[in-house]
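As structure tokens, here come the structures.
After this come two complexes, each holding subunit A, first together with subunit B and then together with subunit C.
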Partner chain A sequence: MSIYLYLERNTFIHRLHPVTKIFLLLLFFILLLLFSSPLPIILVTFFLLLVSAFSRSISNLRKIWKLMFILFTFTIILWTIFLKNLNYALAMALRLNALIFTGLIFLSVTRIEEFTYGLNKLGLPFRVSFALTLAFRLVPSFILSAQTTIQAQKSRGLDLETGNLVQRIKKFIPLLIPILATSLRNAELLAIALECKGFGIKKKRTSYLDYKFGRNDFLTLLTIFLLYFLLLKIF
Partner chain B sequence: MKEVFTMWKNTKMVVLTAICGAVYAAVLIPFKPIPLIPGFTEIRPASVLPVVFSLFFGPAGAWGSAFGNLIGDFFGTLGIGSIFGFFGNFLYGYLPCKVWSYLSPQTEPLINHPALWLKYIFTVLIASLGCAIPISWGIDWVGLIPFSVLANIIFLNNFFVSLILGPILLFTLYPRFKKWNLLYSQIGEITSEKTFLQNIGFIFILIGCFGGLLVGNLTSLGHFTGKIGINLIPLIFSLILGTILI
Partner chain C sequence: MHLLEIKDLSFTYQNSSSPAVKKINFSVKENEFIILMGKSGAGKSTLAKCLTSIIPQFQKGNYSGKITIENQEIKNVPVYEIAQKIGLLLQDFEVQLFSTNVILEIAFGLENFSLARAEMEKRISETLKTVGLENYLNRDPLTLSGGEKQRLALASILALKPKILILDEPTTDLDPIGKKEIFALLKNLTKQGLTIIVIDHETDEILNADQIIIFNASEIVSSGNVEQLISQSEFLEKNGIRPAAILTLFQKLNLLTQKNIPKTVNDACHLLVENSYQTSEEKYTLLTKEEKKEKNLLFQIKNLEFTYPNVPAGQILKGLNFEIYAGEFLAIVGVNGSGKTTFIKHLNRLFTPTKGEIIYQNKNLKNYKIAELAKDIGYVFQNPDNQIFATTVKEEIVFGLKNLSFPHEEIEKGVKEVLKTVNLEGCKDKDPFILTKGEKQRLSVASVLVTQPKIIILDEPTTGLDYLELRSLMNLLKELNQKGHTIIMVTHTMWLVAEYAKRAIVLKEGEIVFNGSVRQLFSEKNIENWGLALPPLIELSQMFGKTLLSVDEFLFCLNKSTDPTV
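Take a look at the complex of A and B:
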């Protein structure tokens, strides 16, 4: 089972070109930052709900609704204290949730490989995108290793929940040292293995993944620009 | 700062970047945070890792910290803040090695002497501020969370966790990583001479960090007129320029 939020579906949004998806993510971020009153942000959120329904990714919303609720509440409290303006506080809380929602949809419809492929196409050097992909790939095994270490130390009597601040921070030492040591032990072997397989020999690389920018990508981007135009015209 | 880009030619540095990023993300996720104020602020033991990675692996630690934070955001909190988080965590992983090598050229990152303790505290202080200020500036600028709340929380979290856990991790892991030929001093080139530009860079970093914290807090609390987004631009610029020069 994957620990990431990607949902395997065959929807129109899933099939979009990775670069289109990255552009959509950025365009929605910018769109949400253009408004400082609640109404346009609510409208964008409804549009995002539609996108989420089309991409059949609403189920992921259930995983993080508690986090969104906490962020929403605290954002309202903080901005009301600082600016004494409830309308602005509400707009900022809605904006924060809409931004997270945008990110959530992106993560639900985009594989890690697609994300790095898209970054490659946008000019990110191969070695950088390789390191990013490798990091994503290693996370599940390192989490497993971290959880094993935590369980092993807890079974030996390590109590992480009691003690003052300094004592509680210090209790993480018997956990962090084995995790770091085991994770980095094979770094040199991995580097040698990569070089043995010709890593970085040729500057121009071929890729197993190949996506074509098609009519759907064009229509989707056109729809978003139409949304920009309408919202800017109305508000 | 050229090593930040030239390091990508070295396969071992590429691998170290990936591992640092993965470990940072992996420790962020299962280590349940210890809440100070539930739902509001917590202690993150993973905050020590960018400092430790930086002192061990140099620029690979910086890129790894930035990647690790981005990967952490892929678990549900990807947003506009991730862009500022990437930049802030890059500085958090880059400033320690630069400030440490500026203050203690050719010195191993082992804190076994009172003078080195002082240098380590100062290094962590600068790194924590260098992380907190750009992130909080960006988040406040886009109107999500007030600067004075976020900057102080990030700064204090990073500073205290790195101060308590950092020296122990450095002391325990240094001999192993040295034996495994993983240290940046064994892979890359470290210059020991301080140049005029480095001195200027260090001053710019100090202005950016301490000035940023002061001006940001005073503006956020209403003692200065204007907006955080505008008031802090010269100080953020000073921090970036200093980081390039040092």
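Take a look at the complex of A and C:
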């Protein structure tokens, strides 16, 4: 399993300016939050599927579809119980999935450093944009060190292979706490290491990554805006 | 004027009763190359952190004394300001890596220093070349091998071109050739105007330095030039430093005098010949005959292939074929990234072959459960940080015993004994996180040894250990081996292979390029092409046409020629 969601591809969507990508992310989030009936959300989801195919990132969808399915079912059940309105429950579940899907596509086509760069270009101070995106960087390294720790425990006789799912999860949960603690401590060390490389110097920072806002960005944003208003008009 | 001056520096960590460094005084001139040595836990890393104001900026405690860089006191200067003058490579290199590819990892510091894009490009390609990672540009740092990670962490500091470079054990996980290259590079950098301070345990590289500073129990016990110190074997050993094997040999032969210090292997050879020493053919034949071969098959590796999924690294193991016998002491060696760790993780089923199979005791390994294998096979991970997870030392050790359902009395006894063996008796209730790297390393070994597995696999178990710890660990392994345990050890330390292992496998780019006895390995001419290096002592023996693996073997074979004409 690859530990980052980012897929190194050279598609039209990958090549968009980070700021454009962030805008698109926000536009879709807002759009999805505006709707509360299933139909438009299904339409948006289809559009997202197209985008995902176009950016060759369907493979990431395959990684998390199970999770999405579970969330979907749970949301429907919960909302139906509480509101007794199946239509609304369906909309909520679809919306949640579409939101996750949007985020997933964003992370599949945007390197985390690009994300930082984009936020920085949008006017956030570097420290802030770095801190915000650092969370995303730490997730894969967290998963990886968790994997190694679990390997270490298995190699010392911890049996995670026998028993049913519930039993296995029960054995698994207590492991997460020490792994989490280690990660937090490592984050502390990372903070030190960052300053050793000059993180925090008051001078203006330069950037290795360098993107130009081009015609494609402009056209993409324009198209999306048009679609946006079209959808809002209809529904 | 001194570039760097340390006056009466003492520091005690919060929650600790005794100082980590005590009354440190020394100064550093421009272009000096200094090596800091000494026992694990003696305060070397603490000093390095003081020199960059990490202490007291990040880690609090009781600080006294004064450090100045170019006459500026640094105690209250933020770390990132100091970083413009001093580059520090922290000992824990894995946690420093956070970028999504190798290029951006190095670029991060350069961006902070506001370098222009063109200059960044130049430095990135330069430094990647010096550390041998020029073919890894787009790799995700998290998917690199241990040594590759260390090279990258080093590169990200070198690229900053600071005036002073402080490296805390920068080559622990590097292969022998890589180690040599880095030290040659550092030496060269001092000629270009850099000042370098390296913390290290390596004796073979010591001659590169201008000044050696030796720590013991938080204090500097000696500092001086290399030649003065290098011949004082006993003193070195007492302070956790391995005396050069050739010097030990000379001392045992009573050849060592103040003016008779062999600095190179050639010198040593001349001196031996001058003193009419020869090696005896008969005794050498005795030595080589003694090597017995183990016969009981344990593992049979058949066409083993492995590829990491979804990573552009390509195929890692390319069809390995060999056997491992019960009771062996097997060393697995080879350059960084050659697939050693990847391979041994197959032996207890942490990894499953992409193709091919492993037969363990007449049954395909895949038919065993990992937990079942854990009874037989102990595995010590390359980086102890990955292995340790409990909140006290004792809990960490007890974990395996409990999983394998040892009875209560045995657990208590086992813990006690193993703590004694690895010399961590005082640490029983400590939080493993605050242990030094060497202590963590010993803890991870202890937590595996405590269940007394028949087969013990160790991935670079001696990194970060000082000489005394290293000897006691290796002697322990030797004892276990003599009792019948099978030892499989990955290491980059060649003299360890020579002294302790019996058979060696050399991996290169995922293939076996050598499989034979250790003596054979060190008589091979290709050894440098495999990224390995000959220990100086063995080099010396080859001048006499033999391959002698230890000081004892040398002493055994040496004869004083009685023929006065020679």
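Methods note: the second predicted complex is superposed on the first by the 158 of 235 C-alpha atoms of A that agree within 3 Å, B and C clash if a C-alpha of one lies under 4 Å from a C-alpha of the other, contacts with A are read in each partner's own complex, and residues count from 1 in each chain.
FYI, a contact is a pair of C-beta atoms (placed from the backbone, for glycine too) under 8 Å apart; a residue touches a chain by one contact, two chains touch by 3 or more.
Worth saying up front: this structure is predicted, and the values here are computed from it rather than measured.
Contact with both subunit B and subunit C is seen for A:E195 once the two complexes are overlaid on the shared chain. Of the two partner chains placed around the shared chain by superposition, subunit B is the only one that A:R95 touches, whereas subunit C remains out of contact. Using the contact criterion defined above for the overlaid structures, shared-chain residue A:A152 touches subunit C, although it does not reach subunit B. Using the contact criterion defined above for the overlaid structures, shared-chain residue A:N10 touches neither subunit B nor subunit C, since it reaches no partner.
Using the contact criterion defined above for the overlaid structures, shared-chain residue A:F29 touches subunit B, although it does not reach subunit C. By the touch criterion defined above, A:L134 reaches both subunit B and subunit C.
Once the two complexes are overlaid on the shared chain, A:F74 sits against subunit B while remaining clear of subunit C. When the shared chain is aligned, subunit B comes close enough to touch A:F106, but subunit C does not. In the superposition on chain A, no contact is made by A:N164 with either subunit B or subunit C. Residue overlap on subunit A between its contacts with subunit B in one complex and with subunit C in the other: 3-4, 134, 137-138, 145, 160, 175, 179, 181, 185, 190-191, 194-195, 199-200.
Residues 3-5, 29, 32-33, 36, 63-64, 67, 70, 73-75, 78-79, 82, 88, 91-92, 95-96, 99-100, 102-104, 106-107, 125, 127-128, 130-132, 134-139, 142-143, 145-147, 150, 160, 165-166, 168-170, 172-173, 175-177, 179-181, 183-185, 187-188, 190-191, 194-195, 199-200 of subunit A touch subunit B in their complex. Listed in rising order, the residues of subunit B touching subunit A in the complex are 8-9, 11-12, 14-19, 21-23, 25-27, 29-31, 34, 39-40, 43, 45, 48-49, 52, 63-64, 67-68, 70-71, 73-82, 142-146, 148-149, 160-161, 164-165, 168-169, 172-173, 176-177, 180-182, 220.
Per the touch definition, subunit C reaches subunit A in the complex via residues 52, 54, 58, 78-81, 83-84, 87-88, 90, 92, 95-96, 98-100, 103-104, 107-117, 120, 138, 140, 142-143, 156-157, 160, 309-311, 345, 348, 350, 369-371, 374-375, 377-379, 381, 385-387, 389-391, 399-400, 403-404, 433, 447-448, 451.
Every residue of subunit A that touches subunit C in the complex is listed here, in rising order: 1-4, 6, 8, 111-113, 134, 137-138, 140-141, 144-145, 148-149, 151-162, 175, 178-179, 181-182, 185-186, 189-201, 203-210.
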